[in-house]
Amino acid sequence: MGRTGMQSLEAQNPQFERDVRETFAQQTFMRMIGAKITGLSAGSVEISVPCSDNLLQHHGYLHGAVIAAIVDTACGCSAMTLMPPSSSVLTVEYKINFLAPAAGERIVARGRVLKAGRRLTVCSGEALALADGKEKPVAALVATMVRVTAA
Amino acid sequence: MGRTGMQSLEAQNPQFERDVRETFAQQTFMRMIGAKITGLSAGSVEISVPCSDNLLQHHGYLHGAVIAAIVDTACGCSAMTLMPPSSSVLTVEYKINFLAPAAGERIVARGRVLKAGRRLTVCSGEALALADGKEKPVAALVATMVRVTAA
Amino acid sequence: MGRTGMQSLEAQNPQFERDVRETFAQQTFMRMIGAKITGLSAGSVEISVPCSDNLLQHHGYLHGAVIAAIVDTACGCSAMTLMPPSSSVLTVEYKINFLAPAAGERIVARGRVLKAGRRLTVCSGEALALADGKEKPVAALVATMVRVTAA
Amino acid sequence: MGRTGMQSLEAQNPQFERDVRETFAQQTFMRMIGAKITGLSAGSVEISVPCSDNLLQHHGYLHGAVIAAIVDTACGCSAMTLMPPSSSVLTVEYKINFLAPAAGERIVARGRVLKAGRRLTVCSGEALALADGKEKPVAALVATMVRVTAA
């Protein structure tokens, strides 16, 4: 939400990358839809999903639920990159606007931290459809994440 | 959002039930997650999904994306029940709050129309987890839907 | 959002009414717009504002910001009714849908608790325009509140 | 919401600046709180408000409602800059996250168009608190605006 919204982002957990990938791997639903982490740094995470035939809505576009799923997860993972060790993350709430129908080879979701608090983290995300080498924005999301202690 | 928020709901399309079921059947993603329409009347639609092993998040609960998927779709279908014949519906945006972890035999999503306009319809939805014969609210959603002309 | 979303609501603070009214009285902005608490019980609060000439938007209707202000505040106060003594409340986020233009003698906002957690409380609110003895829903809001320790 | 979310922004109304300023001037509520347009170009608008004593919440910070008011209005005005002549704009819905307590000399709100459609426009906004020459982000907002024909 604007460049001024960025905090300086410093990881408190030296193994944040490993921990985020492990959390992601535990989500059977991400595997089911074919989603993969395609970018990961302190404060931002990218997740991609191929536009396969069983992920569609009634007009043949990618279902909004799949788009929301990967942007929300990218945001949750981005929040987790800045949390202390042994943290886990849950989505408190999010809001998504769909900007355009989503079709193409794949959808790329990018989540980043707008504001990291001790317990609550606010993230901003977007989804882009990749088709013929071009990116088209298809959704914008803002989410509130909460830190919980990992089991 | 409260009882006073209800409009008197009259269908303009005598075949709304058939049309909504047809639209739902076209969503390959709903089939993939095992979602079914379990209630349908003018202005409100219920969709249920079993809590299967490949729909989970990292703590073993049902993934929020699956919950959002069926509440959003229940809302979209509820909006469609009140639209004129040859209408189709798209989600402009929604906002979801997760109220509690979702586990049990299945999740039931209920969507209903708060306000039906000529083009825009505002819907309210909720998701409940069913376990051992009890219902527990797990999410609350508000969505804006737009009417488009069916292809 | 819907009747099943209601918790059984028990106050932990025997002086919640006094504390909520005190908090409300500290908000100079509520005074500026002429807002008053017109209903208060454990888990729900009503706030009303007269439609005065300096609260309007560009079509001569009540400004959406005023509506949002009183529904958000009604929600925050409703959250506070269920918190332990010495709690204060802040809005984490909210989402509002405007359902119809707001005009009439006054606007009534009702907020109620959907889910009270130890720190986070989710509330649902609505605004109604009162004109000629009739109520018309003009907005629906969902908010996340956080408990903080009162200074 | 990310740099890729920007459209190329071309005004269709050669007198958009005059029309937006006129619309803003009609909002008596903006005058009441002391808000002014402090920046205006095709696709983005800035509105500022001084932190005066009658705009406060219960901890003495600027009331969230005032922040929401100017970010929402900045977004609505930014949407209007890209609309055809004789258009007016209404807020369909917005969602705001409060990132930090707001205090200082004044609050600056910036709204910009994420996606301009024929009828619906999605905007992103932020609010910054200015204190001692420094800017601090205090809120992030996403809104859906609808074009209506000016009376």
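Order of writing sets the labels: A, B, C and D. Residues in every chain begin at 1.
The rule is simple: contacts are C-beta pairs under 8 Å (C-beta built on N, C-alpha and C of every residue); 3 or more make two chains touch, one makes a residue touch a chain.
Note that this is a predicted model, so its numbers are computed, not measured.
> Can you check which chain pair, B-D or A-D, has more C-beta pairs in contact?
Top pair by contacting C-beta pairs is A-D.
> What's the rotation, in steps of 5°, that superposes subunit C's Cα atoms on subunit D?
An angle of 180 degrees brings one copy onto the other.
> How far is the middle of subunit C from the middle of subunit D, if each middle is the mean of its Cα atoms, in Å?
23
> For subunit A versus subunit D, what separation do you get between their C-alpha means, in angstrom?
27
> Starting from the mean Cα coordinates of subunit B and subunit D, work out the distance between those two points in Å.
One centre to the other, that is 32 Å.
> Which subunit A residues sit where two or more other chains touch them?
92-93, 95, 97, 122, 144 - these are the residues of subunit A that touch more than one other chain.
> Quick one: which bits of subunit D touch subunit C in the complex? Just the residue numbers, please.
That would be residues 23-24, 26-32, 53-59, 63-66, 68-69, 72-73, 88, 90-98, 151 of subunit D.
> Can you list the residues on subunit C that touch subunit A in the complex?
Within the complex, subunit C contacts subunit A at residues 92-93, 95, 119-120, 122, 144, 146.
> So in the complex, which bits of subunit D are touching subunit A?
My answer: residues 1-5, 95, 97, 99-100, 110, 112, 114-115, 122, 124-126, 128, 135, 137, 140-142, 144.
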